[in-house]
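Note that chain A is present in both complexes that follow, paired respectively with chain B and with chain C.
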Partner chain A sequence: MAQAFSLFTVRDSILHRFHPLTKLSSAGFLFIAGLILPGTWTAYVVLVVIALPLALLGKVTRAWLAAAWRVALPFIISVFLVQGFFWPRGTPLVFLGPLSLKREGLVFAIASTGHILAVVSSFLLLALTTRPDMLMTALTQAGLPGNIAYIIVATIQIVPRFQAKAAAILDAQRARGLETEGNIIQRLRAILPLVVPLVLGSLVDVEERAIAIEARAFNRTGPKTSLIEISEATWEPPVRWVIVGVMVGMVGLSIWLR
Partner chain B sequence: MGDRGGDGGDGGVEYLVEMIALDNVTYTYPVTTTPALQNVSLTIPAGQFCAVVGANGAGKSTLAYTLAGFVPHFYHGKLNGKVTVAGKDTAATPLSELVLDVGLVFQNPFNQISGAKFTVREEIAFGLENLGVQRDEMLARVEAAMRVVGIETLADRSPLALSGGQMQRVAIASVLVMRPKAIVLDEPTSQLDPIGSREVFAAIRALAAEGSTVVMIEHKLEWVAAFADRVIAMAGGEVVADGEPADVLTDESLLTRGLGQTRYTLAARRARELGRWPAERKLPVTLEEAVEGFRK
Partner chain C sequence: MSSRFKQDFTTVTLVLIPVAIAINIAVGQTIYTLKVPLYVDSIGTVLVGVLAGPWAGALTGLLSNLIWGLSGLNVTYAPYAAVAAVIGLLAGLFGESGWLKQWWKVILAGIITGLVAAAISAPITAYVFGGVTGSGTDVIQAMFQSAGFAVLPASFGQGVSSDPLDKTVTYLIVWLIVRALPERFMARFPRAENLKG
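So, the complex of A and B:
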């Protein structure tokens, strides 16, 4: 048994009840604002003033902060190390052997971290409060081809099953004496007996699944309907257009100012 | 466990409408030389519950794919002869149209789950969404299909977080909901426990009683004997026996061709060897027949 691979968190919140496209456009706005607005601390302001209240509204603050931290941390560490120590011709703050931590590099790393956090947290907020299939249904109703929507959602959902299959093959091969631990050469040797059955088995699965969805009229042409009803308040469509307009304006202004 | 009534089979009600017909069908998969089906000719009337039995590699699954139109539309290969379902030549009818006439359920339940839906209810509705069925009708049909296979309590669960047996029932409901005229099932109970198997057989029996044509590939001969109107035995891609369960499942010549026998038939054969089951007494295929025979 495998649970679906989704960050969606069930909550009774206003944010959860918003139309998926409203949330998608809001996430896009946070993304753009956090990424292109000038200033070292601007992205942090966007996070605190807009994203955090939205997370509170969605009752997902803890999950949002934890996920954002987990996803962004490796990037943040890399940015601080690379920019801090390898910034050309900056003001040295601390010396570490032949390396020195530069002030300008740190300032750049702080700004970059803000951008990274804005990008990551905007889409985490969307993922935590929106079921992927609802989002795809909304996108399909807005004109996204059904095949593309299916591929995206099915891929997201099937990841855990793929992981479970890989784990089962790993256990089976270990039970037959395959050494999967030890030095790098032993580990490399173990890859082929794991990958080959996984890939071949997955190809068979794909063929069967193709037949199964074909047997359920997946490729039938003509209008399709949806069991999922997505409601939206009357204010949502105009607000979405305003958000999109502001986003386009921000991007245009950013290009013009350069 | 016998639920096979007198409403079907050669000895029961006379079937009037021919639902499935295979006329001298031979099929060879691409990149192979040995035909998977050889000179198969069959006629299956509407409302009949027909079981297909045989050893692994006998051609049963290929027959299922052929009936459902996946041969030749999905598996191209070389098809000779003619397959007709609900009056349509399957080779000349697009698959997207054939799915309205014939539904297919196969043995691996996980691979029948679309993977794009979050609840069982939505999963079952997937086919209806593709057909453009209106939401109210869709909801009613989904609820009815869930009732038939006894999964109403799973309606709001994730289809990917179910046991194999539960998933298989979801897969069956997903096909039933489309209300095809004929349903082909390829070992649908392979992942089910005895109670689950009985429920599925009973549900399928009920469908046949309502007029659906059922072709079910199955190894569980006790259930076949109890529920099916007719048994087709296959070996080496050919039909080697075709008739009522009581005749086909007791045919001694089929034992050497990979066809098993029910435990009741086996017990009676042993009893016959010991002189405790008279040679003139017909061998049983169901529990009731065995009990009656041993009582005499």
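So, the complex of A and C:
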């Protein structure tokens, strides 16, 4: 349970060396293009033409496909079952007992699967190839308030500790005889003994952490220097602007055409 | 508002937010292993809302879903970041109105939050995920659609059938926790005065 709270995979690839913001804007482009472009098969084209080459460039294709498959599969199964068989008033194609597979529902399920894959694979591509702390440093240098960056970086650091703590509480309560695998009533009754110790225990050190960072000039105003230096090729900022421009254009056009 | 905004975002609030996000994630994962029809993944968000005000609550909710999504470990949560932000905002407003002092108002706050969450997440479920959540509640979606409802209203129906209960449980747990916290600890937070019964 207590694994590192990030999917980042170390590779020596061109994509890994890109500036984090270049990767963030590319992931945003994939997300937007996959979601809002019209057409049943458009999202699949976007995935094959843009996302797959990026994954190959980043040498993370196998991990990317495996993770996307794992996350998207329950949604894909659900969307085909629910929309294929329970589309209100459609043209029946195949009859299965009292149920019938509807044409309109299937088309909707195919388009939705494209959306789901675009959403899932854009986030995964960014997560697999970008170190979270590098992304935050890049965002801070681009003008994100330092407070927000602190919240995000601190979260990434403490989540694994909390997961370990939650697992320890689960083990301890089970050892004391708490039923966590019985019937639904027993499982519902297990919620409080698991949650309350975790939350109360976690809140205890908040005050000390606040004093500690205040003592290290956390509230000092003005520019601050960073330990991490991020390099980028000269072509990257203009390319980012083009990507963001096309993204804004796509959103604007889809609102205008609606 | 601006001065109240600054008062709410003290150093203690800023330190509390990552802890609250980690609570959302760790508790959400623990509840998931229990296989109960609840999520209980916004305890931290509601806690920050009532302790540090609506804006701090909204920020906690927003960042919870974005971080959980961008970590790559729960990517399907990221599109719901706006819903989580509204949950935190509402928690701040309920706290401000003194609704966390009486148990029946706590339950009411949970039900209202659940209805609002269902209303905002329905379009996201319908347009981004084709009306499904990839879990057992999709049976309810199928039931509504076979009764003749379109995808969007059926998604709202599906949300209404699970969110109010989930958020009521969340609020009751937060209420218990707030009552269990020592007074000296509570006094460090900007909105502590709203919570004394």
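Rule of thumb we're sticking to: the second predicted complex is superposed on the first by the 252 of 258 C-alpha atoms of A that agree within 3 Å, B and C clash if a C-alpha of one lies under 4 Å from a C-alpha of the other, contacts with A are read in each partner's own complex, and residues count from 1 in each chain.
Definition applied: a residue touches a chain if its C-beta (ideal position, glycine included) is under 8 Å from a C-beta of that chain, and two chains touch if they have at least 3 such contacts.
All values reported here derive from a predicted model rather than from experimental measurement.
A.B. asks: Which partner does A:107 contact after superposing on A: first (chain B), second (chain C), both, neither?
C.D. replies: neither
A.B. asks: Once the structures are superposed on A, label A:246 by its partner contacts, choosing first (chain B), second (chain C), both or neither.
C.D. replies: A:246 contacts neither chain B nor chain C.
A.B. asks: Looking at A:215 after the superposition, I want to know if it touches chain B, chain C, both of them or none. Which is it: first, second, both, neither?
C.D. replies: first
A.B. asks: Examine A:229 and indicate which partner it touches, taking first as chain B and second as chain C; both and neither are also allowed.
C.D. replies: Touch status of A:229: first partner only.
A.B. asks: A:37 in the overlay: touching chain B, chain C, both, or neither? Say first, second, both or neither.
C.D. replies: neither
A.B. asks: Between chain B and chain C, which makes contact with more of the residues in chain A?
C.D. replies: Chain A has more residues touched by C than by the other partner.
A.B. asks: Quick one: is A:150 in contact with chain B, with chain C, with both, or with neither? Answer first, second, both or neither.
C.D. replies: A:150: touches chain B and chain C.
A.B. asks: Which chain A residues are contacted by chain C in one complex and by chain B in the other?
C.D. replies: Looking at chain A, the two contact sets intersect at 1, 6, 132, 150, 154, 158, 161, 209-210, 213-214, 218-219.
A.B. asks: In the complex of these two chains, what residues of chain A are touching chain B?
C.D. replies: 1-4, 6, 131-133, 136, 149-150, 153-154, 157-158, 160-161, 205, 208-229
A.B. asks: Across the complex, what residues on chain B touch chain A?
C.D. replies: Touching chain A: residues 65, 68, 70, 74, 95-96, 99-100, 103-104, 106, 108, 110-118, 121-122, 125-135, 138-139, 142, 158, 160-163, 171, 174-175, 178 of chain B.
A.B. asks: Can you check the complex and tell me which residues of chain C touch chain A?
C.D. replies: 9, 11-12, 14-19, 21-23, 25-27, 29-31, 33-36, 38, 40, 43-44, 47, 59, 63, 67, 69-73, 75-76, 78-79, 127-135, 138, 141-142, 145-146, 148-151, 169, 173, 176-177, 180-181, 185, 188
A.B. asks: Quick one: in the complex, what on chain A touches chain C?
C.D. replies: 1, 5-8, 35, 67, 71, 74-75, 77-79, 81-83, 85-89, 108-109, 111-113, 115-116, 119-120, 123-124, 126-128, 132, 147-148, 150-152, 154-156, 158-159, 161-163, 165-166, 169-170, 180, 184, 187-188, 190-192, 194-196, 198-200, 202-203, 206-207, 209-210, 213-214, 218-219
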